[in-house]
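So, here come the structures, one by one.
Two complexes are shown next, each including chain A; its partner changes from chain B in the first to chain C in the second.
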Partner chain A sequence: MSASHAEENRSLGTVTAMLTIIAWRNIWRNHRRTLIMLGAIAVGVWAMIWLTAVMRGMVDQMIVDSIKNLIGHVQIHAPAYRDDPSIVNSMPAPTSALTEALQDPAITTWTTRVRVPAVISSERESMGVTLVGISPEREQGLLFLPETISLGRYLESAQDDGVIIGAKLAERLEIQLGWRIVLMSQDPENEIVDRGFRVVGIFDTEMEAIETGYVFTGLETAQRLLNMQTQVSELALITQDYRHLQAIVDRLRTAAPGLEVLPWQELDKYLGTMLAVMDGFVLIWYLVVFIAMSFGLVNTLLMAVFERTREIGLIQALGMKPSLILLQVLIESFFLLILGLVLGNLLSWLSIIPIQDGWDISALGVEGLEYAGMSAILYPVVLANDVILSNVVVIVLGLIASLYPAWRAARHVPVEAITRI
Partner chain B sequence: MSTVTCKNLYKTFGEGELAVHALSDINLDIQAGAFLCLSGPSGSGKTTLLNMIGGLDTPSRGEITVADRRVDQMNKAQLADMRLHHIGFVFQAYNLIPVLTAQENVEFVMQLQGMPRQTRAEKSSAILNEVGLSGLESRRPAELSGGQQQRVAVARALVSEPDLVLADEPTANLDSHSAENLMQLLENLNQRHGTTFIISTHDKLVMSHAKRLIKLRDGKIEEDVTQ
Partner chain C sequence: MGINLTLAWRNLWRYPRRTALTLAAIVFSDVILVWMIALQLGSYDMMIDNTLRAFTGHVQVQAPGYLDKPQLRRTIPGATDLAADIRSQVSNASVGVRALGFALVSSEQRSYGAQIAGVQPDYEPEVSVIPGLIKEGRYLSDTDQDQAVIGRVMARNLQVEVGDELTLLGSGKDGSFAAAVVTVVGIYDSGNTELDRYMVQLPLTAFQNIFSMGDTAHTIVITGSSHEQTQSLSRQVRSIITDNSLEVINWDRLQPGLKQAIQADFSTAWMMYGVLVILVAFSVLNTFLMSVLERTREFGIMLALGVTPAKVGRLVFTESLLMATTGMLLGIALGAAFTAYFLLHGFSYPGMEELASKFNLPDRFYPVLNPVSLLLGPVVIFIATMLAALWPAIRIHLLQPVEAMQTV
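Moving on, here comes the complex of A and B:
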């Protein structure tokens, strides 16, 4: 670095230090106005972070609950299965290459299932259902069972030949725990197969479509009934982070050529759209809050600049360049924004801590959440990205908004400013 | 050697029938080390002329040279630079930055010039001592009397050793005792440092201290007397 550059840098450092001191003292010239502005910024930041955490918690809960409704994070099927989920579109048990790919540390657990249309009959009624053959020990985290079993027991193994049905289905079939039903479906040769089962468990999810739509039995029991040998309908898995699946999906597609590997967003478009909408909503929400906040900020700075017109004229007369006056107002704005952000983040943290282990929103008189696939206990989700984004939005856009009052200050003509009463 | 020259200087505010000719055909040559008063009734053009010389306002026509630099041809940044390095100002009121102490106000210009902290501290202490404000360095303007505030302004105007100090009605808000003290101070500083002073005033007390007195009337030089 040349001597002149070093000299320039030192001068700039000296001037910036001086401007910083003046800016800091200036913001405290009108305590009340500054405190009101800091309060507005803090509440704005709190609204951004806290409400986003609560909204994300709601969506997260819906997604997690839905994932447990037989979706999982990723599913693998025969290519035509989703268009025609019948036995003819089943697939072989996982190959060694696929099994190896499923050992990925990011994959928490995986399972295979038989899942075909069937008819369930009691002595009084018959209804169309989906017969699901499961390996109960492998369904941990993938299925709403066994937590929702209200009567009887969960399946004990893939060979278990009992069935578990929903409470609503039991009501419609007019049967009870321990009664026998008949399940009828088709085998791969399109021949009708049927068999009598005993109801060993009844589950209660509060969601009618689930309770009336699914009947569960052991995987191998279902395979024997349907003459499928080791064939399965689907492979489902869950990972450590449902938001970032692309790499896993890519690896599984390589390991399972000829099969369809889909993440949950594609398996349930509604849920996928909801998450995308939530991300967009967060950004819009931030901008709306910021715009409301920026009116206050710009007004505060304009008032401060207007009140100091003569003073600005004086410092211009003393040789301060317009660019430095602009910088000084921006530093004042920066202080207001930083202090407001600190308070806002603190407020957010203090208001999230008490509800981090769950917030029972039914206490607010909210009812019927289960019909929207939501739980009454809400767990706020604070994403680092959301906190960073809200802080960056406030700082960057706040400084951009402050350019106007700063520019107004910098464009004063000294003689007019000094002579203004 | 001339510190300030004005040639055929005009300043007109407004246009057409509403035009006000604040300065008309001003020709002036002010030598280095001068102690000069601009006097005249209100509206005679004293402050306008002072503002032109200080680069705070631009002439409608004519030339102004300060320390061999054409002020009338400078842009905003150049004017700011010239004021920073060559001119000191003392105004009638609102002279100081309220959030800075007396010492910080004095150091303000030196900080803008990028002067190191140690040098600033030494110079500001010396000048505050010279204007009789030793011990009041850490007071803010609101804690100083009007006369003390003007002394701080004078100290600030002189501390960076400018070629020229412009003072606009510096005694207007002072009682006669404080005004006399201030003028003696300015006179002493002029004699000791050789700094050129141009002071606009109505005040006869101020005029009595001037070595050269220029009387303005209706924007023109009515009288130019060396005392």
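Moving on, here comes the complex of A and C:
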């Protein structure tokens, strides 16, 4: 019993090997058609991988830029601070347990800030702003400064008592570099505090809300002005990978009980949603491209089958089972798909290489990007997951789509098929 | 020509399945493009209308230079009378006068810097959605003097409720000290944190007293029935204003970010559409080329019988033309039908609410079905498929009758 079983297995193996050879030869019988089909599959795969890389690059850039607008990857606050960003809702400087947790190798850098509403006045104008006290040397990667400073200098230390303001704010206040302004806010006892500062630097970010909204000074200077000792408003940090933060957030939550620890997706819901919408979009885009492509695939296979009607009838008459004919057409389609995928991945790679160091899309007439929070230089982002998903989509759905032509081929009645011209 | 057309049509249907599949590829892409472009235009319309209705309006009259430097001293003299003139002479337009300044707003516990807006309580509800968003108390009325409405976030941060008093401290137009005590009569909630945190609204006359403005104000806000009428609205307003130094400014200059964001979004969407068109063109090229290749023998016979290569080429081209036209017409019809469904029921996607609150959009929007959204995609695909069809038609000219007839 088991011997005959083994024999059957062996013969099935031989048959499959034979079918594979026939299928391989079949697809090269009409090499022009095969090449056209491979071209179509390759263009489809390219469309999936290339466009996804470009779109991901856009969204990533947006996220990276926003993270530099005082967000970071994770922030820690007193629980009431985000709803009511007042000095009353500040928190003590990090405890030793929290400092230890922040030594985590995954955390690249972290910093503390004072961040409270204030009023800035020049001799002619007054405006509401957010006063931010920073330790300049710790803000590396967390802030758009110092690279956007267009006039003057960056803050030198947490004790620096100069202020840095945006170009648009300077214009509104009718002041220039080196002039004096007055900052007014509240201390924890609700007493009004104010003092004069000299403008030592002006930054230029092209985003009006940022330029008119923030005024920077040294952390300790701000703490002294606001009578808040070593208290801070927030702690911000960046990690090596902004996509996977859950583990770090969990560890920090344990280390800082009573404080609110939030990743950027929660700090800026809009950005978090953008990333989620992007993931959904990728899948829909793959399906749309695949459907557009599958019409061509089914078409080619159908024609390849019809053209061989006589031949298929003949081998059926010679005793080949319909299921094996079905298998053979599927193997042909599998070869086409695999070769197309190889070409498509190659094409994607070739078209991403020239733009991987940045692609200036403003040259294409794309305008207004900075207003949409995007940058004019686009860096494509190729994720292994996207590449794998697109290849799997093509293979799996491609084989499913080939079932129809394969079934048509297997269904021929031998006698009719042979007699057809 | 007649026989050419008949022959081409019959040739197409010699392989009904293949023709149907190629048509399906064209129609599918047409439908996707019509739907996507219609939704895209719809979302822009929604975005523009909602942003402008929040506060900006379609057109504003301002003192020269106020747009770049919104300073208290750049004012429109006799603003209320001018607004009344515009209101009576321009039909279908809502007109409101505003004065805008800055003050330190203090409650018993807290102080914040905030924008102070003096508005006409009778007309403001027609040019802004804020009066309609009062969640506690009431909006301002014409008889109010020392009353104010504030946003929900500001109320929470200042720790005040309806009935509490606020102190305003700032400087007046003449540089004098401006101070007032006002009572909160209403709290609005627009869902936009910025708008809900940084603005206090007062009656215009109260603002003019506090800030020593006399009869001047900063902007006259004019809203028509739709942003598409901005141009004509702005022309009519211009003709009414006798003081030529005043500026009439359209929304695209008042909210440059809005127009730019739309342009950026539109340009990036083009990349996606472009890739889809390339894909369809490839698919169609494939079928056309195959249908020519497999008829090599037939063409050889036609050539041997004396049909000129140009004529055979024209036949093949006519086949492509018939196919592309049929595909386009079907695509437009089905695209319109598919989109019409969303025209009735609206469209929304998961996570849209967060996006909506950022751009101040409602949680669903409606596609715009106009000649642009309906024809743009199908026509581009038509052109791309016709370009793809050129190659097979040209190939005919390279055929040698005898060799061609021997092909199996």
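The rule is simple: the second predicted complex is superposed on the first by the 414 of 421 C-alpha atoms of A that agree within 3 Å, B and C clash if a C-alpha of one lies under 4 Å from a C-alpha of the other, contacts with A are read in each partner's own complex, and residues count from 1 in each chain.
Keep this in mind: a residue touches a chain if its C-beta (ideal position, glycine included) is under 8 Å from a C-beta of that chain, and two chains touch if they have at least 3 such contacts.
Quick caveat, the model's predicted, so the values are computed rather than measured.
**Q** For A:311 in the superposed arrangement: first (chain B), second (chain C), both or neither?
**A** In the superposition, A:311 touches chain B alone.
**Q** Using the superposition on chain A described above, determine whether A:273 touches chain B (first), chain C (second), both, or neither.
**A** In the superposition, A:273 contacts chain C only.
**Q** Once the shared chain is lined up, is A:29 touching chain B (first), chain C (second), both, or neither of them?
**A** first
**Q** In the overlay, work out which of chain B or chain C sits against more residues of chain A.
**A** Counting contacted residues of chain A, the larger count belongs to C.
**Q** Quick one: is A:346 in contact with chain B, with chain C, with both, or with neither? Answer first, second, both or neither.
**A** Touch status of A:346: no partner.
**Q** In the overlaid three-chain picture, which partner chain does A:119 touch, first (chain B) or second (chain C), both, or neither?
**A** second
**Q** Would you tell me which residues of chain C are touching chain A in their complex?
**A** Per the touch definition, chain C meets chain A at residues 15, 17-18, 21-22, 24-25, 28-29, 32, 69-71, 102, 104, 109-115, 156-157, 170-171, 198, 256-257, 259-265, 267-268, 271-272, 275-276, 278-280, 282-283, 285-287, 289-290, 293-294, 349-351, 354-355, 358.
**Q** In the complex, go through chain A and note every residue touching chain B.
**A** Residue list for chain A touching chain B: 7-8, 10-12, 14-15, 17-18, 21-22, 25-26, 29, 310-311, 314-324, 413-415, 418.
**Q** Which bits of chain B are touching chain A when the two form their complex?
**A** It comes out as residues 51, 54, 56-57, 76-77, 80-85, 87, 89, 91, 94-95, 97-100, 104, 108-109, 111-117, 156.
**Q** Which residues, counting only chain A, touch chain C once they are in their complex?
**A** Those in contact with chain C are residues 30, 32-33, 36-37, 39-40, 43-44, 47, 50-51, 54-55, 58, 83-86, 117-119, 124-129, 171-172, 184-186, 190, 192, 208, 269-270, 272-274, 276-277, 280, 285, 288-289, 291-293, 295-296, 298-300, 302-303, 306-307, 361, 364-372, 374.
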